[in-house]
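Residue numbering begins at 1 within each chain, and the chains themselves are lettered A, B, C, D and E in the order written.
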Amino acid sequence: MQRIGVFVCWCGSNIAGTVDVKAVAEALKNEPGVVYSANYQYMCSQAGQNMIIEAVKEHKLTGIVVCSCSPRMHEATFRKTAEAAGLNPYMVEIANIREQCSWVHKDMATGTEKAIILGKAAVAKVNLNAPLTPGESPVTKRALVIGGGIAGIQTALDIAEAGFPVDIVEKNPTIGGKMAQLDKTFPTLDCAACILTPKMVDVAQHEKIRIFSYSEVEDVTGFVGNFDVKIKKRARFVKEDVCTGCGACVEKCPMKKIPNEFNLGMNNRTAIYIPFAQAVPKVATIDANACNMIKNGKCGICSKVCTAGAIDYTQKDEIISEKYGAIVVATGFNPISMDKFDEFAYNQSKDVITSLEFERLTNAAGPTAGKLLRPSDLEHPHTIVFVQCVGSRCASCAEKGKEYCSKICCMYTAKHAMLTRDKYPDTEVYVFYIDVRTPGKNFDEFYRRAVEEYGVKYIKGMVGKVSPEGKKLKVQASDLLNNKQIKIDADLVVLAAAIEPDKSARPLATKLTASMDTNDFFTEAHPKLRPVESPTAGVFLSGACQGPKDIPETVSQASAAAAKVIGLLVKDKLKGNPCVARSNELMCNGCSSCERVCPYGAITYEDKEFRMPDRTTKVRRIAKVNPAVCQGCGACTVACPSGAMDLQGFANNQIMAEVDAICK
Amino acid sequence: MRKCSIDNINDVLKALSEKIPLYLPVDRLDGKATYQKYQEGKVWSNALNTERSAKDFFFPQMENLVEFKTQGKNVEVIDIRDEKQDFIIFGVRACDVKSFEILDRVFLSQPVDTFYKSRREHGIIFSLACSKPNETCFCSVFNIDATAPAGDVTLWKTETEVFFKANTEKGEKILSEIDSLTTECGEETVNEQREKTKKILSKLPLSDLDLTNFGVGKTKALFDSPLWKEMSSTCLGCGTCTFVCPTCQCYDIKEFKVGDKVTRFRCWDSCMYSDFTKMAHGNPRLTQAERFRQRFMHKLVYYPDNNDGLFSCVGCGRCLSKCPISMNIVKVIKRVGGKENE
Amino acid sequence: MQKVSREILVDKAISLLNQGVVKAVFGWRKGEFDYDVTPAVFTTEKDIKENFVFNGFCGANFSKYLVAKTVNFDGKILVFLKSCDTYSFNQLLTEHRFDREKVYAVGIPCDGMADISKVKEIAGDGVSKIDFEGDMMKVTTLYQDEPVEIKLGDVLLERCYNCKSKKHVAYDELIGEDGEVLDSNRFDEVAKLEAMTPDERFAFWQGELSKCLRCNACRDVCPACTCEKCVFDNPNSGVENKAAANSFEEKMFHIIRAFHVAGRCTDCGECSRVCPQNIPLHLLNRKFIKDINQFYGEYQAGEQVGSRAPLVNYTTEDVEPCDVFKGGEENA
Amino acid sequence: MDNNLLKEELIRISGAKPVKCMSCGKCSATCPAYEQMEYHPHQFVNMIANGDIEPLLNSKSIYKCLTCFACVDRCPRGVEPAKLVEAVRLVSVRKQGNNHLTANDIPQLLDEEIPQQALVSAFRKYTK
Amino acid sequence: MQVEEYKPLIVAFCCNWCSYAGADLAGNNRLNYPADVKIIRVPCSCRVNPMFILRAFQRGADGVILCGCHPGDCHYTSGNYYTRRRMALLFSMLDYLGIERERTRVEWVSAAEGAKFAATMNDFAQKVASLGKNKRLEDLRCKK
């Protein structure tokens, strides 16, 4: 049986003005378990708190009810008071007789009556309170960043700068991501490579950063502060630590007709290759699907020309196990496939290209060495049509496009148009748009410059049809402002394809038990207040894996995620919230209902042996809650049909006791 | 013996119920008969028997015993027993009448259950002879004469008439009050019906049940039979058989708390339930097989052991028709008491 | 007469037993009367030959038994599953309630099972013999000189009358042809109730639920109710109650019982079949199923192993609780 | 008929959703009968959404739509403009005397080239 | 004749992050609502078990209202979506059993919506009062 002390606060006249605090204290004295009841002007004052501490000692109290303002105000205060008095802080309950009583009711009789009832409910709850201790878990001081684009790079650098080791896992042979493929960046028009490659080098040279390129996350177990991750390092048949990146092998490789992914298939590479000159790590990789030596055992030229002896045709995939305290997802985006947009003739004509392909066409390191040439005949295009919102804002057909706005297309199209006019003043440049969206620092100015200074023709309306005719592309479009249908004979059509999360994100989310929205973007823990955290504790989000973003936004989110990670890693121990779910193994059916509603992936299952009534044993599947991961929402407690799952601090019997007390 | 025309039975019921509340089998909407309080418009059912047994009248499913009220640190005990008034149960079949005797031996032996006793004293039983027993009936096995049941008054019903015969002083007194509605008659019609019914009874498929292997002193022989486990293996552990049984008499005592008031009540328990007789140390019968055995051993061995060989089954057949898996006392008698077990 | 005869099942059982594929057989055991069959476990050829029965009264759904019977059982158990039973079977697998490896499931076709109380309503009491001939049964009673002929279709169990599917969604082996998912009228009764006024509905349910004995047969037979400890048996749950003490307790029990199986109930109809008081319990479960289908899209529990039950799922566009009544009014 | 009622009627007949339109103009961009039309597909959508329906009813544009459904196929928002045009046409044709094609006109249209089926379906489509 | 004014008893379950804070804000702004409304704090609306709601009716509540964050704003991201499904089904079932639908309600109240909280409680209390005492889900043992 508890020995409960009740402390009724006047809050000056805030409470005492409409609640007869003495009557409340008097009435609660007779409640079961109550051994002491008092009232005081300001319970939250030092004097008030001392009064509680004294009473705990004098009356050997085991539980405390404070009838005062909202628990959102002073629950923490009185928990500390209880702790100071030698009580478990979770033996305190607050009856909210200010915000929810004295301030909303006018007359003394009503207020007093309600305050007594609220007090009784709190007493009924405290009677069933049990001391709770927050669980503690150690923190592994190492972070994992999944994805080596600008988001991953920035996050890794920031974390490493704070002194914590970081591993980057990148599925491609090099880090750099999409930004490495870009030519210039809006709105400042600096060269992407010029600002990205120094960062890539920083990463490569940072003593706290390890890069696992050509690698993927295989499996994740554990929880915040204590993730166990298995990383699959795919065989690249080149010893990373030995290869100097000299490129002799690339030169001599006889298999020269492999579409070059880095240039989006617009030119070819060899079977052994280095994606681009500034690749990090600058190490060759053998494409096993293309290499004759690996496929048929015939060739071996690269091994002969490699003076460092880095080639190893027998290399196998390798699994690396490592412990991490935090995981940052930075898996990025891809343009969607244009295959389904027949009206734009993407598959019919080489001269209909996506914007990313346009980036490569204008890039000095690209397939045309920076000269803008038509892919079909390598002639200089004179009329270029840019089409915006291809597959974005597309609500009608989920299999074709995306319902959301891809956010970056308006700006990069303005950039493309402007640069084209700048370099080739003899070209006609048309941009067909639905809306031009330019929220961002210097963004609208940039777009207006394209129109006003560079003479880019912006036409409000969509392109309906592109049909290749001879060397030309017949573009049929509408000009909504002039209410005209326009027909243009274009040389090049550039489609601003919608962007979507990388395909590797969905399986990764499953491994991380991080939640995703229907578009496969990772969901944040709170859309406004916790935008860089995933609901799964210890998993953070960086860059376009969370939603479409441009580079400045990506970098700020990347640094924000890094700050959150650093905040986690500096702690030696994680103290949990003890008000978490707990499963009663004896009653658990192992049915998985709780696991399915848990937004944090805090529930796992294990087989456990139980004694049966007839004294035999049986092995049963039961749920286990990881208190470090559980956030205490209680969704599982209702999903559980047997009531095996209960929430500490808000237990079934406690809430029912409150209901009873209120209703009697 | 007196009689009245079947057409006048409502007048009789009305007259009887004027002074004393009367309960009789009435067809529910789903066609099944239950005991309901008589009032104008209620029609006496022609069904062979009621869905639930008549034990509810003396041993209801739930009954409040006492109340406690706490005030501060004091506890006040409140006797909530209300004085029972007389009541009539009309149309009780022989099997259910016999069940009262079986319950009496439990509740009226020392220490007397005063709740039961007071109800029993106030109850006036109008029993009804059977004429069309069902294939599930086996009361004759327990030497119950379905054609002449006991009770304060015995009734026989034919297509056209209802016959009344008082067996006790109570019965005579109450019959005399409705003299004006009945006429004196001979016993020929009744005897004729009884002979006819007896013939049917003797031909009933379960009338040849052999109980020789049960009864006094058979505990040792039957207790360890492997059949208990086998036969109980698909038992669901529900309480249907015990709750429809007219002789099952186990109950649990529980409390219901509202604020400062606690009501202590008793309610039927079932030996089929996993928490049956569960105590602080746990449960003495760990598996369904043991609980299953308890039910049938109690009816067929332990009870007779303590009650001069009287079986505590009356062959009403309710458990036969109600068990969700069709497991029942007849199957137990045949298999556990039959050749298989010898 | 069922499409599949007792002999086929007996042969199947014996051959699987003798081949050593299974070590025990779940089947129906012959009782005192032709309609009286008990679920039982057979382990010997002799027992199967003598006591295995299969006729139009084999309604019992064996799926739930597998939860208890497969535990610590060395080897496989043969279970015969009617199409409706296979849904429960899958649902239990979804909830990890037994080890699929320990079961050999044989799907059997079913023409619907008879309800003996409906037979007795037509033939009268004192049924002494029932012979099956095609889809007719000849019922001999103690009180009628000539056997009464009854069509199976006229005395089906409610759930068979509104059979939702003749398709087997799980089996290792199927006897005969598989059937199809049917367009049943199983929600008609629910719609009829929804069309009543609240007062009428209240009176209806008050009448039905007041018959409740709290024998727990509905719960104990239910293949979705396999909790290690039911809240109604757990003194610490706050809702434990042994007796249907009053009309509140009756409603509480049935609301919570139905809610706990909502989205998991396959509508196998066992609850109504076993209720000794003939309470139409399926109308509570079906209300939930109907609502789920209407609000959250068609969902059939047990159709697929591993499917996500509607109550442990959501969409951001779900109907608001205050709007659920609008559907009902449209129906009215 | 009151404009709002007319709008409701058009939406009901067509089952289309003009409110989903984001004014991209792809319907008009894709329309093969654009030049023949006084009002273009995107205008149909916009004008119906605004309840400005009378001009459409009186315009010959409703008979210029080929019902090729290119706009329906291409519309990124699932607005289905062709169905709206069709609905306006139906509303017009359903008014007594508004038949676009009468039986008397047909002999003049007959020639060797034209498939009879086309005339039959045109007659069905343009007549009450 | 003076008839004592009937006062309904209303239990309001409020989630800690939005609705409870909304109720606090109603207090801060001194917005009145009937004292018949008694609030129970839960971490999230998804903590509310249908058994709690029935329990409240059993023990004498005349109306039960559940308040949570607006869909999409749940502190735990998805809790109120589960609440929405559970309560939709539960309320539909209560209605099916003939229990007055106005006795139960779910309302989404954010921490900023003090005024909405007060208005909701005023409206709910008034609707429940017009229904009179809860007779259809009462437990006579709990009456005084």
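Note that a residue touches a chain if its C-beta (ideal position, glycine included) is under 8 Å from a C-beta of that chain, and two chains touch if they have at least 3 such contacts.
This structure is a prediction, so every number in the text was calculated from the model and none was measured.
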Partner chains that subunit C and subunit E have in common: A, B
Where subunit A and subunit C overlap in contact partners, by chain label: B, E
Pair joined by more contacting C-beta pairs (A-B or B-C): B-C
Label of the chain whose CA centroid is most distant from the centroid of subunit B: D
Distance-maximising chain from subunit C - centres being C-alpha averages: D
Chain centre separation in whole Å, for subunit C relative to subunit B (CA means): 30
Computed distance of Cα centres, subunit E from subunit B, in Å: 46
Geometric centre distance via CA averages, subunit E-subunit A, whole Å: 35
Where subunit D touches two or more other chains, by residue: none
Subunit A residues counted as touching two or more neighbouring chains: 597, 639, 652, 656, 660, 664
Numbers and ranges of subunit C residues touching at least 2 other chains: 231, 237-238, 245, 311-313
Pairwise chain contacts, counting only pairs that touch as defined: A-B, A-C, A-D, A-E, B-C, B-E, C-E
In the complex with subunit E, residue positions of subunit A that touch it: 70-73, 96, 98-101, 103-106, 110-111, 113-114, 117-118, 121, 515, 523, 525-527, 535, 579, 597, 599, 631-635, 637-639, 647, 650, 652, 655-656, 658-660, 662-664
Subunit D residues touching subunit A - in the complex, by the definition given at the top: 20, 22-31, 34-35, 40, 42-43, 70, 74-79
Residues of subunit E touching subunit A in the complex: 9, 11, 16, 20-21, 23-28, 30-33, 35, 38-44, 46-52, 55-56, 59-61, 72-73, 75-79, 82, 86, 118, 142
Residues on subunit B engaged by subunit C in the complex (per definition of touch): 28-32, 34, 48, 51-52, 61-62, 132-135, 200, 203-206, 230, 233-234, 236-240, 242-244, 252, 254, 256, 265, 267-270, 273-275, 320-322, 324-327, 330-331, 334
Of subunit A, residues touching subunit D in the complex: 343, 389, 393-397, 401, 434-435, 460-465, 476-480, 483, 485
